[in-house]
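Take a look at these structures.
Below, chain A partners chain B and then partners chain C, in two separate complexes.
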Partner chain A sequence: MTSKFSVIGQRVHNIDGTEKVTGSAKYTFDVVLPNMLYGKILRSPHPHAKILKIDTRQAKKLIGVKAVVTGKDTLGRKQGIWRRFPELCDEEILCRAKTRYIGDPVAAVAAIDEDTAEEALDLIEVEYEPLPAVFDPLEAIKEDAPQVHDGVELNININRHIEWGDVDEAFRKCDHIREDQFKCSSQAHVCMETHDAVASFGHNGKLTVWTSTQSSYYIQRLYADMLDMRESDIRVMNRHTGGGFGSKFELDSAQFCAAILSQKLCQPVKIVLTREEEFTATKRRTPMYYFLKLGAKKDGTLLAKEARVITEGGAYTAMGATALYLTGFFSSFPYKFPNYRYDGYRVYTNTEPSSAMRGFGAPQSTFCGESQLDMMAEDLGIDPIELRRKNGMTPDYEVPGQAFIQSCGLHQCLDKIEETIEKRGKLPPNHGIGVASYGFMSGGIFNWFNTPYAFSAAVVRINIDGKADVFTGACDIGQGSNTTLAMICAEELGIKLEDVRVFSGDTGICPPDLGAWGSRQTLMSGNAVKRAAAECKSQIMEFAAAKMGVNIVYDLDIKDGWIHIVNRPERGVSYYDIVKGAIRGKDGVAIMGRGHYTPHRKGMISPAYSFGVQAAEVAVDVETGRYKLVNVTTAHESGTVINPVGIEGQLEGAIMMAGGYGYCEDQPMDEGKILNPSIADYKLIRSLDMPETEILEIDTYEPEGPFGAKEAGEGLTNPTAGAIGNAVYKAVGVRINDLPITPEKVFKALKEKEKKKKAK
Partner chain B sequence: MSYHCPVCNKVSSSALDLARHMIGRGDKVHRDWINSKGFKYSELLTLQFKSFGGEGFKALSEVLEKETKVND
Partner chain C sequence: MIADFEYFAPKTVKEALSLLSQYKEAKIIAGGQSLLVVLKQRLFSPEYLIDIKGISALDYINYEEGKGLRIGALTPHRTIEKSPVIQKYFPVLSEMENNIATIQTRNWGTIGGNICHGDPAGDPAPVFIALKAKLKLASLGGERVIDMQEFSKDYLEVALDPGEMLSEIQIPKPAPHTGTAHDKLMVMKGDMGIIGAAVSIVLDSKGKCEDARIVLSNAASVPLRAGKAEKKLIGKVLNDALLAEAGELASAEADPPADVHGSAEYRREMVKVFVRRAAAKALERARAA
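After this line comes the complex of A and B, so read on.
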């Protein structure tokens, strides 16, 4: 079938791919400026302590040291991304009176090289008074627990409630009710590029920052708050960025300390966090205790669900408040629960703060919900896919009072996965296939950041040679958004992809955009780019119509650089010639188009949702509990596929990340100290552990998205842990309710099962 | 019929919704009001996360039903 698109749907490599594979791409790590100094950060060794005194005199005397700063050198403000709620802005970054986790920054040094800065850290004397600390949220909510933040009763940082229908009444009508408890572990983001920044404060009072970030705009705004500067006096640029996954859209210690040191010296200061700091002193996936109650009729109709969640917040709010809300919302996904209640509590602890991570609370809710759904299916004697089919969301469904689902291909995904499982036939002994369904948002509607700007904005400029420049505040963090946006622009203008250049993530030249989080850029930034390109196109068309002298009843379009009458493509003119003429005709002014996008009247969560179903096959060694991920097949629908190569990359990356979450990744602690802060000790799924993967793309069209597209990024991380858990159960009959599902846990459960069998 | 928060005057459509608001807000003034009615804020919260069914909200809503109802 011939595609109606010229560029969209083509298999395209990233437009910056050549730079990356040849090593010529410049990351913040590579930025070197004249007179640049190197910074290092001193961090608290105590999980909870008063700072009695900081003596920096010896450090300052060390040859090569240019400055040492502490909390006293700051304005003492607290940062937080929930700017609408001042009580949730609770992180000083450079602590003044108290530290709240092992890794909290207390001082920073700028020196002529990294070694000198590191040496100076040893010369800073900090006198602490260690305080009682609390590490587990179930302990922290006790009345006699130490208080992490003064005045916060029971250490409850924030709570969230979602409810619709009459839950209690619905449970009374159920034939079968299950109550289950789950525990979801932490996970590190493990970006290839650690957090880093080069901050340069000029004598003109202006700050320029190169940094690895998911949102240049957020960082610019947060700097303005913390340094009491005007937003426009701060320029933040994200160059090539080596991954974010939710860890890089809050002001971090590298960014803040580099700026404070640079402000003091009026010299550029570069800070690159070490891998150990990355593990221990940034943010991480939110660990959660999940309590679920699920009620159904005998025929499998789900009538009611109730979820209670307590999350380990760590020392500060960060983006954890959003994760708390979203885990509650996505706990109802992707099913039509007529009655649903959620109560979530985020609890402060003296541990590294937990925050956003790819999936944003949904991998946790999906693991718990999909595990429990399989248990319910077994209790009722119904096939798990059938149970999902019976209750799954459909197009044009309203989640009561919360969200409007327009496009939804969940049922097609279930059909495809069912076919795939059938095709695999009879499995060898101790093999099992587990399934999990999921859904996710295409960008968030919420504005806790309190931005006055449109959520996404773009400017497109057509140059005299017909090439288009896209200016967007969207951030390409390695996920390929610049390529996606270039494709959207090229398609709208009817030109070749190589005729589009993208300038992104630079607050000095790009319009504000909230950045790369919540799977928002394809839909939101994509809409902004499409609209900006459309504005340019309409200017070009005006000139073309006049030049061609066509009957006004004819419509014109551009395809492959040829402006022509729709339905009579042979009658046309060269786009490139028309652009030249149009610019001359406009007194030499370049053709410019502006576009923006903010969702309105789309519910409370997101303007669009993607859906999918994943099947994971495992092979378990019953002697040891070790198991192998044999195959992961995903039926996914993300509306119109802009770039199939991009989706495949997202999916493989998601399986690696979410498979690790389900199988091996964790951050065990002893008294608040993370015990595995290195790539050697932190167990990831590596290339040799990757299962065979297959993606089955389901065709849908999202009316709200650019050319019908929606997200294909974070949602893919949601199902894998649940699918693995269900597969292990199918393979050997043991159910593990706490992540990660390690071989040790499987081994123990198998022994327990054997013991019970013998006792019978 | 509406229910007005005795602390910040937020209007809710039911006493249960108002209870959710007051417990959820959880700042000192709201906590103090709840405590002044013979509850312990911390106990209500604990009740919420220790049991299904929103028992903490329900307990407070009984008082709010009597004290904060406004006939519109």
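After this line comes the complex of A and C, so read on.
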């Protein structure tokens, strides 16, 4: 398959890799400007409180302090990505009357250095009236619970309903029904670069911002809303970004406070959140209570599924409403349920807001669904892989009323994984292999943001030396999108990868793009870049055809910088020579092409879906409950693979993150206070604890994607927790339904099991 | 952010001691791997900080047949881990070090700093107590030597008088047929043990247990010697059942904390497992010695 491509499918290193590994890449963290000040943010120590009075006089008197701002210095607007649904825009960022979680910002200081700014925070006197608070969503939906936001009945922020078929009737026809409950824990993003921004207002009233973000365009537009400015007077630049997993595409406290301070002073202000703030005062994965009902015929045909979900929303809506919808949609994945019903409720609580995080609701649904599926398989006496095969999605399948799936390699993935497990043969005692299947979207078809622009857009410019510059609003957050887009451009133009430069994530020079979230950049930004490059190519071909004087029935193409007749490749001219001539011929105007992509007629969720099956092997120490992840093998299909090295990186990162979600990552709280806000106490899987990983790539082709490609980064986060849960069960016969599956939980379950055995 | 302090960086022990006698409330910093965390959390804001990391005279490992092992207080963890002498005569120390934090931390953190921090979750103190280590403490008035076991007073509190600093750890040459082992429960390699156990067993010529030391980390406010468990073993020919009983006894003696990493109940259960495991390994080594 790949032989028809010159660049795509090659193992290439990130185009910014050298800069990064040598430490010369400049992140927002590294930005220093003349006259720049440093900002710090004062945050609420109470989970829920009225702000009675803020006295900033002493802080302002401290030598070196240049400005102190509070909610009174803002326009009092509320930010939210839900620009079509104003009632869901509920976050002031700098609170004016009330704080709703421990960490809610109440004031910010700009000073000549960080120490002084920090010292000034201690001098700000805030008088609070603590209010009764509520932390658990099951408590918050009770009649007499404290109100997190006034006028929100039962603290229900939003509800979502999805239904097709006749679920009740279908359950009546089932031979076997299971009802199970699950609890999904929180997870911190732990980006290597904490949220940060340098905001600079000029005396001309225009704002320039360097920031670590997944969407420069969203940040630009949200600034415009919050500051009442025209968006083109705001330039937001994402340069190198030290990670983004869903917490970096809404306006955050570093960005907003830096801008408010800079606006007052007309001096640049830099705010870098501390690691503790990153843990306690940004956004996190949504904790969920899951209630699942699954019905099957004796032969393993799944007839109906019902999911009821209550999520811990935290203090604000954030991206939580989408997580609530997607967890409901992906609860049916990747199976053909003829009857399905989902009801989800997102509940406000006085905790750090939960929001989007890699997988966007699907890691939760996949953990619960895949655990229950294994239980069903055991009940029915059917092999778990066979049960998945019997009900798994196939190409050209319509999820009733929701989505249309074109390419789908789930069955090939199941076959590969089955082979792999067989090859591993008989396992040592207390080892077990668990399997989980998954699917994910390639970019969301959601426009709650109400953008009037195309979802993705790109400009390609061909310079006199034949080099191509790609301008895209896509954001490279470490996932390698600049490399992917450069490869797509090079392939389309028939030139070398070194011939392409990428300018990305800068609203001052790049066309708007919704950014790096929802696994959208390879497919959506990739299509935009491909189209822009194609437009350049067709202009070049006009000159080439003229120069070559070819018969018009012949087709021309470019490969490795050689423009030639397709059927007679030796007859051709140099691309570089033609470009030189073409630009002269166009009165000196560089060759430019524009491309854009907005999904149309592709259902409600996404234009394409990726699929995969993962097998995790664990080895359990039955005396302690401690288990090791021995091996994680993933059969994965993402359409045409653009860059195998990129996929391997995504896979390893996903296993580290999703393995942590399954095994150890959690944010325990006491009265809304997160108890482990440091990397010492927040347990992440480190290199020495990583399992062997293997990826088995399945060849598929997605008609909607650029060169047949679709997403390959986020979906990989979905299966691991479920595969671990199933593996632990296979190994030692205990089933843990609440995440993370810690050694202590496994130990307790083993003790319970022993006790029951003795009682018999 | 760390509160301001006055900073000194003496290059000799003498210089350090005179600074210490001058600034009684000064805090010593060595590698800073524990102290900086506490300072950043503002749990502690010293006015004076005396940085002894530059005193190269206290970075050494010496072994002499008659005297045993001498480790300078400022020897980095990584040096101990990689020392051929230690790997030959006290392999338990190298194994213990290999499981402390990350290589970066071990490269900079010092053994003396770890001990003087007085964290009951730390690994070196229990292992040193199991090895009957003594500590040499220096002050302008002179030196004194105390048992490591007497050093820990309470959570983050050690028996250093004002003006005093730790200069050396002394480990006697073990009796013939001694075996020592350390094991801990880690969620991730390099973690502070949810629970840890260091066990030393000395066998007499007939193979009976002549002496035993069982010391636990993260099981009380100080490194905890499980005396009843030790007594259970002494004077007996050891077997699996006895080691398991020792674990049960040690578990009853423990008063472990409850925190985000584990409940007190789980820790108590794990004391049983890790005492038994470390003891079994120590016994195997004693028999082989």
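Things worth noting here:
Everything that follows uses one rule, which is that the second predicted complex is superposed on the first by the 758 of 760 C-alpha atoms of A that agree within 3 Å, B and C clash if a C-alpha of one lies under 4 Å from a C-alpha of the other, contacts with A are read in each partner's own complex, and residues count from 1 in each chain.
One rule holds for everything that comes next: a residue touches a chain if its C-beta (ideal position, glycine included) is under 8 Å from a C-beta of that chain, and two chains touch if they have at least 3 such contacts.
Note that this is a predicted model, so its numbers are computed, not measured.
After superposition on chain A, the partners chain B and chain C are seen to fit next to each other with no clash. By the touch criterion defined above, A:648 reaches neither chain B nor chain C.
Contact with chain B, but none with chain C, is seen for A:143 once the two complexes are overlaid on the shared chain.
In the superposition on chain A, A:114 makes contact with chain C only, while chain B stays out of contact range. In the superposed model, A:166 lies in contact with neither chain B nor chain C.
After superposition on chain A, the vertex angle at the CA centre of chain A, spanning the CA centres of chain B and chain C, is 120 degrees to the nearest 10. When the two structures are aligned on the shared chain, A:557 is found in touch with neither chain B nor chain C.
Once the two complexes are overlaid on the shared chain, A:469 sits clear of chain B and of chain C alike.
Look at A:624: by the touch rule set out above, it reaches chain C but stays clear of chain B.
Annotation: superposed on chain A, chain B and chain C show a minimal Cα-Cα gap of 31 Å. Comparing the two complexes, no residue of chain A contacts chain B in one case and chain C in the other.
By the touch criterion given at the top, residues 20, 23-24, 26-28, 31, 41-42, 45-46, 48-49, 52-54 of chain B touch chain A in their complex.
In the complex of the two chains, the chain A residues touching chain C come out as 114-115, 118, 623-624, 626, 664, 668, 675-676, 678, 680-681, 683-686, 688-689, 742-744, 747-748.
Only residues 87, 141, 143, 151, 153-154, 156, 159-161, 168, 179, 291, 293, 306, 308, 310, 341, 343, 345 of chain A touch chain B when the two sit together in their complex.
Chain contact summary for the complex, chain C toward chain A: residues 1, 4, 37, 102, 185-191, 259-263, 266, 269-270, 273.
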